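All remarks here apply to the structure that follows.
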Amino acid sequence: MLDFFQTLSDGVLFGATYALIGIGFTLVFGVMHKINMAYAAASVGGAYAGLLVLKVMATAPPALVFFCAFVAGGLLGWMVYVACFHFIPLSSPLATLMSTVGMMLLIDEVIVHVTDGMPQGYPAMFDDVMLRAGEFSMRGDLLLVFGVAVLAMIGLLLLLYRTRLGLATRAVSQQPVAAQLCGIRLVRVNALTFIVTGLLGGLAGALIGASVGTLSPLLTVPLTVKGLIVTVIGGLGSVPGAIVAGLLVGGFENVLQLYRGVTERDLYVMLLLFVFLVFRPGGIFAAKGGRD
Amino acid sequence: MLELRTLSRHFGGVRAVDGLDLTVQEGQIFGLIGPNGSGKSTTVNVITGLFPPTSGAIVFRGRDIAGLPTHLRLREGIARTFQNIRLFGQLSVWQNLWVAQNSAQDLAHQGFFARWLGGQRGVREEIGRLLEFSGLAHKRDELAANLAFGEQRRLELARAMAAKPKLLLLDEPAAGMNSEEIGQLRSRILKLRESGVTILLVEHVMELVMGVTDRIAVLNFGQKIAEGTPAEIQAHPAVRKAYLGGEAA
Amino acid sequence: MDFYFGLAQLIGVHTLLGLSAYIVLLTGQVSLAQAGFFAVGAYTAGMLTVLAGWHLVPALGVSALSGAAVACAVGFPALRVKGLMLVIATLAFGEGVRLFFFNFDYQIAKGGIQVGPLGGEGFRQIRFFPENGWETGEVMLFIWAFVAAAMALLWWFDRSRYGTVLRAVGEDELAAQSVGINLTAVKVSAMTVGGAIAGIGGGLYAHYTTHIEHASFSILLATFAIAYPIVGGLRSVFGTLLAVIFVQGFLVEGLRFLGDWRNLLFGALIVLAMNLRPSGILGRRRA
């Protein structure tokens, strides 16, 4: 029984990273009604870029690496926007979808080339710290991951609900034409959405690297799939939904790994998705302005 | 032919249709009018099955069809046109009519293979007649998206007729038309009635409504506030008030 | 010469994959599940010829049926899921299939060795062609016979009422319902036909490569599958064929001199193609 709670707690803490990835997917969907399939890849790419700091200064503190990943993520997010959404007419949804898939493959391949396919170690913070309460313990590094993720989510929610940009973003997601008629520059909102989600993604990638200890291009596809599952379970377009779903998936996945092993674990996560699709296709929370 | 018994359709707190009682006799051209937001289009949508009724019954030719999915209602004999035209833009005029031949008669008439995998030959004559009727024969291979507005409206009507309906629901077919076009539409509607189709006409354009209907019902806020012949309706005080405003009742 | 036969085999099999995505795409459903049906067909045909000693042709028949059956089963829940959610659901399904085969062992002893699928190691020794004396050129023609048949079938559909109804559903489901089209029947049938075609493609794939494993049926393959009809355009089946030739022939093989970099180029070229010609190579009918 203790094992169960321990595993659950570890999983939920890690699930905060899934929540960040889910938020990225869901926010782009909410604003542009499109899925950015390259999002997880860009997040992993941002995390890799964070490692460049170590190349320059081998003794750089992990926080600096994380910050670099954060910034790189934003940059990559902007690049994905330009390559896949800026020029392609919105009336060709298939084209944007395919181009983000192309970007995903491109980013993946670049990572493989630059690193020769070798996994790279990732710095962690507080990995030697353990909070104990009797038999129950929480890893310090996971707590940090969780904490940073929560801060990022709070930051995002503040941005969405307390700033003009956030207001403009929400307006565009509900009524793009009317928003433009009110003087909101669509291009700016769209580009900024990508940059903001990119920042979050880079951070998420770094946090994943930190808690797992290594970074490998093999992360991209499972992370994409899990991120999308989180988005769907949480409800396309709902940020709170993505948060809850991310934690849920993290916990669920870890518990299943305890009982059924790593190889079967992912199958069960898939099954969780199908259960939701069949019984609750709208997700946990209804999506904001969710047509489609 | 069609009977709506205390039909209601609510969307959350909004009572789009509220306890509507309506009877359309076979062979009638029945008009449904009312100010914007009075529930006319919602009524049509509920009759065709796009929304289930919140309460009440829809009885078509003696049968309650409230549980029937949309495509089966078509087979029962209810067809409609759309207020904002919904043609298959990437299909040709001919193809738009072809895919719409889903009446019970057509189903019984042709075997499975002929119907689905056969080519165009078996149905050439029938579709030809529809094209003639709507004056679109010369555009049969043109993509629907390339047609002029008036032509698109005619195709929309022809497509509804392709299903050999017994009841035809026209949702604001005269929107955007000039007097001449309205006149042509009027004669087309009368011709349809002659061929045995009952028509429920939802419309704003009074020129058409008054000139073609046998009977009119007026909706306001989802409820029927008046029913009668065109002459009676034109003189009705409640109708005037609904459209033009006035002292509170 | 063998090199070109091999390339032609690859193009043939990928064309079947692309065609399976094409028919589903006509109904407006973007499916990343076709690689999953392809995998089912591959393992089915392989197991029948290797473990049960069947001849390839009936084995391919069963591949088609199994692909169709799985696709039909996927088709129903897919109805409840619209647009982009369907993309995600089919993506997850495809991954699920891959994971299933990653965990799948079924070996029996034949002629002193163990044969059959072995989880992560895959399924080796699918040697129907070499054991029966088929030359590379003959295998190529065999594959293309099926490709031609599939293209003929879909081309026939396109000219028949069924194909027109598929496109009507793809264009406007609401209008389609209102003119009496049964959306469920249309969408599920398209998915089923697509599954059958993908199943045959998978069966052929397993036999000409002689070794399949879970990694062959990844998201990349699912992407290829849907990329072909999107890049080729939905105007006709030939668009898909052209897209396969362009992607596999020109891109992957022709840029061979770029060595490892050509995989990188694939992604970049898709991005470029979609920016330059969003409606596909052959595009839509002029509107």
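Labels A, B and C are assigned to the chains in the order they are written; within every chain, residues are numbered from 1.
The criterion applied here is as follows: contacts are C-beta pairs under 8 Å (C-beta built on N, C-alpha and C of every residue); 3 or more make two chains touch, one makes a residue touch a chain.
Fair warning: this is a prediction, and the values are worked out from it, not measured in the lab.
> Compute per-chain Cα centres, compare each with the mean of all protein Cα atoms, and return the closest chain.
C
> Name the chain whose C-alpha centroid is most distant from the C-alpha centroid of chain B.
Farthest chain from chain B, going by C-alpha centroids: A.
> Could you state the distance in Å from the CA-based centre of chain A to that of chain C?
30
> Let me have the rounded angstrom distance from the C-alpha centre of chain A over to the C-alpha centre of chain B, please.
48
> Determine the centre-to-centre distance between chain B and chain C, using the mean Cα coordinates as centres, and give it in whole Å.
Inter-chain centre distance comes to 43 Å.
> Which residues of chain C touch chain B in the complex?
Per the touch definition, chain C meets chain B at residues 156-157, 159-162, 164-165, 167-168, 171-172, 174-183, 284-287.
> Can you name the residues of chain B that touch chain C in the complex?
48-50, 69-71, 74-75, 79-80, 82, 86-91, 95-96, 98-100, 102-103, 115-119, 143, 145-146, 159-160, 162-163
> Contact residues on chain C for chain A in the complex?
Result: residues 30, 77, 80-85, 87-89, 91-93, 95-96, 99-100, 102-103, 218-220, 223, 226-227, 230-231, 260-261, 263-264, 266-271, 274-275, 278-279 of chain C touch chain A.
> Please name which positions on chain A make contact with chain C in the complex.
These residues of chain A touch chain C: 29, 33-35, 83-84, 87-89, 92, 94-99, 101-110, 113, 221, 224-225, 228-229, 231-232, 236, 263-264, 266-267, 270-271, 273-274, 277-278, 281, 292.
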